[in-house]
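First chain A sits with chain B, and in the next complex the same chain sits with chain C.
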Partner chain A sequence: MNAIEVRELTRVFRRGKVRAVDAVSFEVPQGTVLGIIGANGAGKSTLFRLLTGHIRATSGTAVVLGHPVSQSDPSRWVRTGYVSQSRYLPGGMTGAECLQFARALRRGWDDQKVVQLVERLAFPQHVRIRELSRGHHVRLQIALALAHNPEVIFLDEPTAGLDPAARRELMGILIDEIGLRGRTVLFASHTMEDMERMADSVAIMDAGRIVSMGPLDSLKKDAGADVKPASLEQVFFQTVERRPE
Partner chain B sequence: MIRAILSKEWQEQRSKYIGYWATLNIPFLVIAIAVAISSVARMPFADLSNKNILKHLPLALAEPALLVTVFLLMTGYFAVATCSPENEDRSLFFIFELPVSRIRYTITKLLIGGIFVVAAVWFATLLPPSGGYGMMLASGKVTWAGSSAAFWAVMAAAVRLATWCSLISLGIFACSALVAALIPRWWLAALASIAATIGLFVSTGSFFDFSTDMPEQNNLSVNVSWGSNPGPWVNISRALELKEINSLGHLHWQPLLSAVAFSALLMAAIAWIYQRKELDR
Partner chain C sequence: MELRIDTTDGTPIYIQIVDQIKRNVAGGRLKPEDPLPSVRQLALDLTINPNTVARAYLELEHQGLIYKRQGQGTFVCTQALGAAKRERNKIVSGLFQKAIEEAGRFGMSPAEITAVFEQQLQHSELEKV
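Right, the complex of A and B next:
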């Protein structure tokens, strides 16, 4: 069964001049991790915002856990979690206040889980969010996204802007939290190492379209008709460079 | 949900709520301090009569004149200051990632702000006459038995004026919240709110004018003078008559209900805008 089904999903900006996401279709089976890679401006974040209902599609459909994504249906957030690349947690609250607020409004909040997450993620709880570093901010976002044991998790470049040590540590936590519980994950990153550690399948985005998609091994095999690519990075560059303008 | 949003508002915006409440009461505070520290500022409470109360206590009804003029700008700013930040820093979308209806959240937040404005205006309108009367009683020169009838007449006028002022302020609050929903930069929203408030004041002022039923104020003059002269700061030529007090702020349901409907309509429009709001970057 598919947890996420996307059909011809399109979003245009500036009255049709920019096609940020252009007729994208894919499926993510339940319990698998789909990684999305692409250059800046390829449309990854717009795709995430479409799938989380933060923006409306110009055309096409997205179905998450059997329900069409719609801004007017908040119930989708009971079973999904989202770590955005952007910072928009309420800056005037502390981490503890933010968790408390979310707890009051979120069904399925797992107190025991949050205690474990807070301990593991080790972010300062009593500092105002606007004063948190990028790394601590992401950790709080992760705690908020996982606190209710969501079935589907959207991770939009969660490690962007972190130093290598912090990135490695955070990825370790994410893999533990996600991998152990068989959740469905959509994961975007520029870091091929993260992608190889985490993803079952990979989709390569370029100019709003998915230009290649499949299990990691098969992608490597397909892209290496004339050369033998050793890494996902080489697959990515070969796929994007081969694509006709 | 109401409790969670109240708690969030308190954690993030308490300085604005307290500041707005305090600002509306500054006139009373200044007069109370002046009366407390300066003997020449004190009213000449010479007898125990209703007439003496009717001469001086209606001065406390000057607050509504401020509430529907300069303090309307403050009300508009309060709406922008409490609604704009989560629009500007996009923290609205953190709330929209919780399983809560956007419309329910928006209406709850607006009702919290609107009810606070109404409560603050009622408090600011009723405090001067009740506080002033309390100070008169405390001075020992007037008694409850001799002056309660006049006091109740003034308080009834204050209640009518509070009804007018609170509903007009609610309309300005809703209008400025709509401006804040449409304009993401808070300072631009604040400027637009000032322009909208002045525009509404000029265009609808006569419809909401609650002073039209007052009889001609014959032979009534209020002179204010402070400085080195030894007399009292405020001289009132004569006491108001009860019928003059009773005509103050007479309730007209058409403008009052219009203010409520206008506020409700604007709040519904804001909820619709928030329902369609997109995380654009």
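Right, the complex of A and C next:
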């Protein structure tokens, strides 16, 4: 069964001048990790915002856990978790206050899990959010995104700004989400090693389109080059460079 | 048993795990009925997707090297040693094959190749049988 199904999803900005996401189609089977890589401005974050209902699609459809994604459907907050790249959390609150606030709003909140997450992620709970470093802000976002045991987890560059210990801890948390709970993960990162380690399949985005997609092993095998690439980084550069203008 | 993976190697991670477990069995570091780490534990140790570990274990199960005991975990099969040794012989034969072909291109005779081989064997740190 697919947890995510996307058909010809498109979002244009500036009256059609910019096709940020351009006729993208893919599916993510339940319990698997789809990694998304692409240069800055390739459309990854817009894709995440479309799939989480933060912005509307210009055309095409996105279905998450059997429901079409829509801004007016509050159930999407219950069944999905999202770590975005923007610092949207209220700066005047402390981390602990923010967690308390979210707890009141979100069905399925798991107090025991929050205690574990806070311990594993180790961020200062009693400092105002505006004073948190990028890394600590991300850690708080991760705790907020997973506290209600969502079935689908959207992670938009979660490891950017994390120190090596926190990155490893996040990977450990994800390993449990996938291995113990069978969660589905959509994971964008510029760190190719994260992808090599965590992704079941990888999609390469360029100028709003998915230019290549598949299990990592087949991407390496099918790369249309004389020298078969050994790493995802090589696959990425071969794929993006070979794309006709 | 210590496993290592190399993400820039080009060999799929699940195959790296399969190969290393086979090597551990063939080398006697893993014995029949020894337990393997759980999927979760190995995924955490190597910081990789647990689906990849599960895939490696499934592959080893298909090849008859390991088996699952309901609720107790995964263990090395009694026949695993034979299978792993056959696999080991295949890998080493392949390496020798390459060396012999290379020697052939240098125009070496079988006697010369044997001499070089024996010389190398004597220099090596392998225990004399």
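Things to note:
Just so we're on the same page, the second predicted complex is superposed on the first by the 223 of 245 C-alpha atoms of A that agree within 3 Å, B and C clash if a C-alpha of one lies under 4 Å from a C-alpha of the other, contacts with A are read in each partner's own complex, and residues count from 1 in each chain.
Methods note: contacts are C-beta pairs under 8 Å (C-beta built on N, C-alpha and C of every residue); 3 or more make two chains touch, one makes a residue touch a chain.
Treat the numbers as computed from the prediction; the structure is a model and nothing was measured.
With both structures placed on the common chain, the touch criterion links A:55 to chain B but leaves chain C unconnected. Within the superposed three-chain model, A:33 lies in touch with chain C and out of touch with chain B [touch as defined at top]. Using the contact criterion defined above for the overlaid structures, shared-chain residue A:16 touches neither chain B nor chain C, since it reaches no partner.
Touch criterion met: A:77 reaches chain B, while chain C stays clear of it.
By the document's definition of touching, of the two partners only chain B reaches A:107; chain C does not.
Looking at the shared chain after the overlay, A:220 reaches chain C, while chain B stays out of its contact range. By the touch criterion defined above, A:198 reaches chain C but does not reach chain B. Using the contact criterion defined above for the overlaid structures, shared-chain residue A:231 touches chain C, although it does not reach chain B. Interface of chain C with chain A (complex): residues 7-10, 12-13, 39-40, 43-44, 46-52, 54. Taken in their complex, chain A has these residues touching chain C: 31-33, 168, 171-172, 175-176, 178-180, 192-193, 196-200, 216-217, 220, 228-231. Note for the complex: chain A touches chain B at residues 49, 52, 54-56, 71-72, 74-78, 82, 84, 86, 88-93, 97-98, 100-102, 104-107, 144. Interface of chain B with chain A (complex): residues 1, 3-4, 7-8, 11-13, 85-86, 89-102, 275-276, 278-281.
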